[in-house]
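Let me begin by handing over the structure; questions about it come next.
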């Protein structure tokens, strides 16, 4: 047994990592829905969910239960195989894409094995290409769902979404090319490191990130990414006013949940990509010389924990008064741990920055949903083809010229 | 500017008539006769002048053979047929005769044809004939000569059938054409044989090769290549020059307009055969057999035609048969080796026979188209000029000194007499001379003397216009003086004409056989005999047709069978019709048409067509427009290719090569 | 080495089986969408094979372009034309068993002749670092730059052609 | 390493299946897909040989093939749409006339 473990340690670790990531991602998805509803509610000056659990924190759980136990009718005349395949495809692809994201620079040493954060080995030469490949395949989930459920609204939803995705995929890919040119690699890790200060160069921290030279690219990428994920304002595939529920009109309960999770997962993925390619991934925005910034995580976590405790004490329901302080103490304790274990603290820096940036992007997503109106279909198409694509191409050209110029006169 | 412009540009001489022909043929239809005349007469006249100039230059250059290759016409392997023209003494004679007489006859024709339809067509043909005839006489190799040869045949066909609405005319044209083909067949075979033997058809080189003693000594004697080749060429000559047995077309050719008869069937074309024989004398000289054949055929033809001529009543027919017999004389001369004499007779004959025909044409013109001598008579008062000129021509042809015919015919008879074993020929020739004078004077008497046998009220006899009389007069003068070139021979001097032609014929004149003095006396005696014969014929004719006209009919009755035979021309046409034409027609109808054409040829064509349709019907189904079946065919092809690649010896190498 | 060998062999056979099954189902399936899905399976399997051979870039492009663009176009068109189950007209007789025989012969020949050549290829030198994407880019933009430009022209023309073909004629 | 022969034979099999699909299927779109299948089979052979020979030309060529295939798909599908619009059918056996 042990021998087997020893023999297949790599395999074992990978499996464990997958399970862990799945759990994390699904939980994050669940609470992302809560987060979204809360934020949108507050944007629209409502309360949002606050009945189930304190601050509606158990709302996702309730939703999950509802998804699982609702009746799951299969409409007559659907193409069974495809009808079942579509959500599976969507979800699995979305989750797979997460697997390619590295969440931290350096491995943990456990049981004599270097364990990297992130499932794929960090030296995947074609990381970004693989990601694009998976997102490209993501079209099928929507398209097939729309087609298979034998419903004209669904069909139109599917048609629209596939057309939209194919169109914006071009812009998405082209807009990244600038970054790739600057990094000179497809490897996500290299891309992040390319934004780090070169040895012997002044450490410019946040100023070294790609977002500044690639501002055009970033704009295109972010817009195209939102379109890829069928989010507002590009959520025509499920435009309620026109198409009822769009491609997932005929889907109920768990299959619908699959689409739902897939959508949020791809949101996370896209946020990760944005972070990695334009915002320096796990790099701290501050120069490395500012060592005190290493205590920033604790400095954020401990007050937050304390606030949660205080809020919990004066919460109206007994359940809240019991549970919230516990959570608060946990958070605060985590912050304290970081303070008192410098090794852990140093290790935590990368993931901390990465996650916080991702959170910011997710917030932006929700924010946009709360504010922006939906495009009209022709506007969508013309926007994609006539604005995004040309702009991203121009960006590629400018970048390559800049690089050439640098090679020519930049010295060194 | 070359020293001899016209010689250098010798091709101008034949080209001008062609030009005239083209102009008339293309534009003449719309033109008034005047322009047509200008084009036709102008072109021929110009070419006559150029010919004169060329001849002058030829003399100027010391009478050396002029030969120039203008361009290569056919070149295949070692065979070259060029557009090569040459000029030597023989050519000089021919060219002058052709252009000169031709020009005169053109002028005459403008008067004679004035009221005929297709005026421009007539002159276009006539000029075309001139062109081909000049090509014929100027050609420097057999191929080009053959071109002219066939060309004159063509134009003669066109002109005989000029009145193509008359069935007899068109039939006559076809007859002439076909009979000539028979001869030409032999001619071509002769050319092929010559080329096969000597690998050239160029006169100079060919004759040098032929005169090469190696050939002569090689026993190419009596029945060798030379004989065969010469006989084949002579076959062609017989066709063209209307000798036995191919003479039959010439009398019928009289269907054509009279100027045509004068120019083509008396003066020039029919003498082409003689010209060819004379031109090829180098070859004939090597083959006694051929010469003997030529002599015999010529002599026989002369006599034979003369006998037929005795009883003909159509004025032109008489002249036609006399032409045949005179041509016979020429061949006789060639046969006995007296080539210069033959050519001399050719020239003189061209003069007086053309004159005779033109005069006859003038008579016919005067009689308003009447050709039967039995409906004429006593015209001498009414058309004096015609009568005078025609009388001169008759005297000339009968050989009354000092007119042209006397000298030439005398030279021929002398030649015939001198060759060993030539006496029979001589005798026959003499008899022919007698007959000739008889039928000629019979013609004169029947036409111009005696009581008039036509209806005055119907026919208004009138003298011809000067455009016709002028040529008559000129030709009359020529007929008188034409022979004087040879006159010195009688005064014991060298014969100018013979000497002139000596460079061509290498002086192989029979005259040199005997001593000079002996030849002189002999010549005189023979001349007297000939003249006697001529006068005898005159006398008989006078007695029979003027003193005792009824005797003639009596004579005819008394020897009815002979008379009928002669009248029907020995039934030769009927014979040919039975022996050749009928079987041919039968074969063409029952074999060539019904079997070969309908069954074989049409069958093949229709069969091919049907087969194609069937195949198409079959293949059409592969073109179903069905993509999948197309794909199947593609796959089949791919499999075949792969099989080849796979089973090809050393295939793995090639496959690796494909990979690497 | 042995374990690695067997491992890659196993992976190969799995992917190969996947590909063949996909191709078969492309033929067997009656509905174009199903055929399209099977074809996608084939393509993904092929991409896996490319990865196995170390041709990462080609694998990625295979999935992005074939899987993400071309096949999407197919699916899109199928949805657009609302193509149903294919009807059973058998006008071309050759399509059935004879066609199968032909195809078997074809495949046999191809595999046989190429494999025979490949046998000698086996010994060819294995370059260590396959498909470093840099090398490929170098080849594309240096050795094959003109063909590359030509392909760009081709794409442009294809776009124009497609637009012209697909636009409804004004009536 | 997997022997190149395996790849080649696999590609041959796939190619054959593609050809058979081309012959056997009736739906224009499916036939078009079978063409793509054949192209893929060829690509596999290309990559296999490029790996065996240690040269990258094969892979570059595969890229070109893919590009051309994309162009072909664009135009071909346009044509298919046109056919479907004009003939109201996608069955090639009903599309056997050059002109309606």
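Letters A, B, C and D mark the chains in the order given here, with residues in each chain numbered from 1 onward.
Everything below uses one rule, namely that a residue touches a chain if its C-beta (ideal position, glycine included) is under 8 Å from a C-beta of that chain, and two chains touch if they have at least 3 such contacts.
This one's a predicted model, so the numbers in the text were calculated from it and none came from an experiment.
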Legend entry - Touching both subunit A and subunit C (chains): none
Inset, instruction - When you average C-alpha coordinates per chain, which one falls nearest the overall C-alpha average? Tell me, please. - result: D
Inset, instruction - Compute the centre of every chain as the mean of its C-alpha atoms, then state which one is farthest from the centre of subunit A. - result: B
Legend entry - Centroid spacing, where centroids are CA-atom means, of subunit B and subunit D in whole angstrom: 82
Legend entry - Between subunit A and subunit D, centroid-to-centroid distance (C-alpha), Å: 36
Legend entry - Interchain centroid distance [CA atoms averaged], subunit B/subunit C, Å: 87
Inset, instruction - Averaging only over C-alpha atoms, locate the centres of subunit A and subunit B and give their separation in whole Å. - result: 114
Legend entry - Of all residues in subunit B, the ones touching two or more other chains: 624, 626, 628, 632, 635, 659
Inset, instruction - Indicate the residues of subunit A shared as contacts by at least two other chains. - result: none
Legend entry - Per-residue multi-chain contacts in subunit C, two or more chains: 57, 61, 69, 73, 78, 80, 91-92, 94-95, 99, 102-103, 106, 110, 114, 118, 121
Inset, instruction - Give every touching pair of chains, nothing left out. - result: A-C, B-C, B-D, C-D
Legend entry - subunit A contact footprint on subunit C (complex, rising order): 31, 33-34, 37, 40, 47, 56-57, 59-61, 63-64, 67-69, 72-73, 75-76, 78-80, 82, 132-133
Legend entry - Footprint of subunit C on subunit A - complex, ascending: 79, 81-82, 85, 125-126, 129-130, 132-133, 135-137, 139-140, 143-144, 146-148, 155, 158-159, 162-163, 165-166, 169, 173, 186
Inset, instruction - Write out the stretch or stretches of subunit D touching subunit C in their complex. - result: 1-10, 12-21, 23-27, 29-30, 32-34, 36-37, 40, 43-45, 47-57, 59-60, 62-64, 66-75, 77-82, 84, 90-91, 93-94, 96
Legend entry - For the subunit C and subunit D complex, residues of the former touching the latter: 5, 8-9, 12, 16, 19-20, 23-24, 26-27, 32, 35-36, 39, 42-43, 46, 49-50, 52-55, 57-58, 61-62, 65-66, 69-71, 73-74, 77-78, 80-81, 83, 86-92, 94-96, 99-100, 102-104, 106-108, 110-111, 114-115, 118-119, 121-122, 124-127, 130-131, 135-136, 139-140, 143-144, 147-148, 151, 154-155, 157-159, 161-166
Legend entry - Residue numbers on subunit B that touch subunit D, as the complex places them: 624-628, 631-632, 635, 659-660
